[in-house]
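One structure coming up, written as structure tokens, with questions to follow.
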């Protein structure tokens, strides 16, 4: 984060970038943990991500309740954020999305692999959560604390969890890493969908993922600055 | 509808949104029932939806004739609207389109299913109408009252009717719901087309569709406000 | 053509529309027959269609030579235009393009059919010309009068001729019809490519093509006006 | 190159064109050999290509070290450029990219062929380099001189080398030819991916590639001028 960039301001930028790059549309949401108080996080009121401004951002506790009671409508799936911040102290930013790039993996038995250097941000394993397994027939929204806790358990120590018939939840140590991971996991997913139409794919080995998957801050910043510049064009 | 938004103004916005989101192009049309007189509806004169302004909108009776005789060219398929408003008192808004997302379903034996929470707006069953069945060889335009009545019968109590080698007609209780249903049925259709290239799809059960398919007004408004904001970018 | 629209001005618009709608890119070209002298036609100097302005348009004779000798570079494949204007007195506008929508048909044995009402502009039969058949190994540019004459013979009385490993040439009685036919043949081609991935397609019969394929001037104008309005957005 | 266009200015334009045309995104890079000193080349500091301006461009020697020591971050894969300029005196411009159009070829056993006249810029043979063959498990970045030398050997006398699980490196005698080759090889790759879903492809023979593959300067300039004009829209 730039020294002069507040967490709220960076969160507004992350919302706009992820919308502009096709990860989010009218739905989906992004949060960031409070830099000084790990028991708090920032998340917008219920609003399409591209329309979020600084004044739309509220502070939540880890039960996903607003710290200052508010009458504005809130994201019905905000419990996803609190549950993961509780179980993953290393996570400082979360994106829940329904990008067209990952949905085919959520609708079929396809496994999401790493197929390029940038895609190594996906990590060695992407678990798949099915709300049906524990909760039977639902509307497929993750709105109850026990549903979110189940999703967080399935995510475990990984970077991304796919959600059957639903979408994905991506976690990272910073908003810059979150944008990078959300976008390049979608790009790698697209490449796999296209490649698979022409034969089995040659994927990265676990050793190669370990070597490639740690991206220096300069790499994350180069991508972030590019996507931010594109917001004005 | 916003308290300060007239039906004509909302209809102009719906035309623009559905064009910008890829449901309509030079062709296709959208109507809304008169809020005070259920035997009337509003529809533009023959014009590409994106170009429709308030002064292009005319009032029609349920025989799809303009209430005030007019010399301007009218949509040749406007009978679709009158026939459905006659048979479906619960319907207040209709869109007829030829979006690329649904055409593959209209050209093959593929069935349109619900595969995501937002896609539950499609409903449990999507009937398929074939103009050939009752009318033999035609130019595939629905221009006669008996053709429109046949289409309305096939639609029955459902939300969407697919039309063989032609497109789709979508109905809803409001323009906001219509935009939501038209757009997210196209999105779900796209996901199915992509997913099916990689294996059989895991779809929603009827019970899940019943649970997910009733979207609160706040959800419809969040999407509508997002699409409306995108008209200016 | 609007009463107040000169042929050169309409040709500039057609160039811009066909570029903006994805039929043309840096290459491809569009011509219109001189309204008062059937032995002349208008075509731009060698320039990407989107960049063509009125002052770039030259007058050619049916040997595809400029009427006023000029030192500016000319399209190397301009002989296509002269040859077809010679053999087809009913043709007043021609577009040669390499749109991605039709190329898969030019690279495989796929036949281009009519699958929608708007696609009926394609007509009952689309011949396929292979430069190899008469001319053996070439660079696949149609630059010699005998190559263009061969292409015109293959086109015969039809509306579109596909060119193996190359693209398509589309003819029409006016620039408005040409734009409509070029764009909606590409749209129908796209629908077929998508649909064929999911099963055999249900196509129009010859009788239906005959009924649907004659589009009134108002239909052509509605599409043209829409595409022209989109040039400004 | 225009008489009034400096190499740095042309390199800025090439970066912008290749980003706008979808060959480059946040990553990838383009260089040009110094016109007066074949032992030097120009390349930007580490920056997304679309954001490169004249002041971001540095001069490098053929060991890929900056001629004037600099503290700014440099592309980690800049050794690709120096190694190829060393081994290929005929090459004056290089682009390394990860375009979605070529990745499916890098992930499967698919061979990139020439299927259109413009695609003949690809040449008769496209070698495929696999970093694993000589270097075992790596992060798939080409950062060591010996890795770049291996890639240059695999490229040999050809115009493009595909890189397994990575992307492509394209070479040319000028920036205009480089833009043309990078973009039209991607277009031909896309056409092959689409066509192959519908049957075996009819490709150019070696004799036809030889006849078609030499593009006059006017052709390269027409495309370059078009893409440059599109940067402003």
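For clarity, chains are labelled A, B, C and D in written order, and residue numbers in each chain start from 1.
Going forward, contacts are C-beta pairs under 8 Å (C-beta built on N, C-alpha and C of every residue); 3 or more make two chains touch, one makes a residue touch a chain.
Just so it is clear, the model here is predicted, and its values are computed rather than measured.
Visitor: Counting one step per pair of touching chains, how few steps separate chain A from chain C?
Guide: The least step count works out to 2.
Visitor: Could you label the chain A-chain B interface same or different, taking same to mean over half of its residue numbers are used by both chains?
Guide: different
Visitor: Give me the superposition rotation angle from chain A to chain D, based on Cα atoms, as a multiple of 5 degrees.
Guide: 90
Visitor: Report the inter-centroid distance (CA atoms only) between chain C and chain D in whole Å.
Guide: 33
Visitor: Distance from the CA centroid of chain B to that of chain D, rounded to the nearest Å?
Guide: 46
Visitor: Specify, in ascending order, the residues of chain A that touch 2 or more different other chains.
Guide: Within chain A, the residues that touch at least two other chains are 197.
Visitor: How do the chains pair up in terms of touching? List each pair.
Guide: Touching chain pairs, listed by label, come out as A-B, A-D, B-C, C-D.
Visitor: Residues of chain C touching chain D in their complex?
Guide: 25-27, 46-48, 50-51, 73, 98, 100, 103-104, 107-110, 137-141, 164-167, 193, 196-197
Visitor: Enumerate the contact residues on chain B facing chain A in the complex.
Guide: Residue list for chain B touching chain A: 115-118, 120, 187, 190-192, 194-195, 197-205, 207-208, 211-212, 218, 222-223, 225-227, 229-230.
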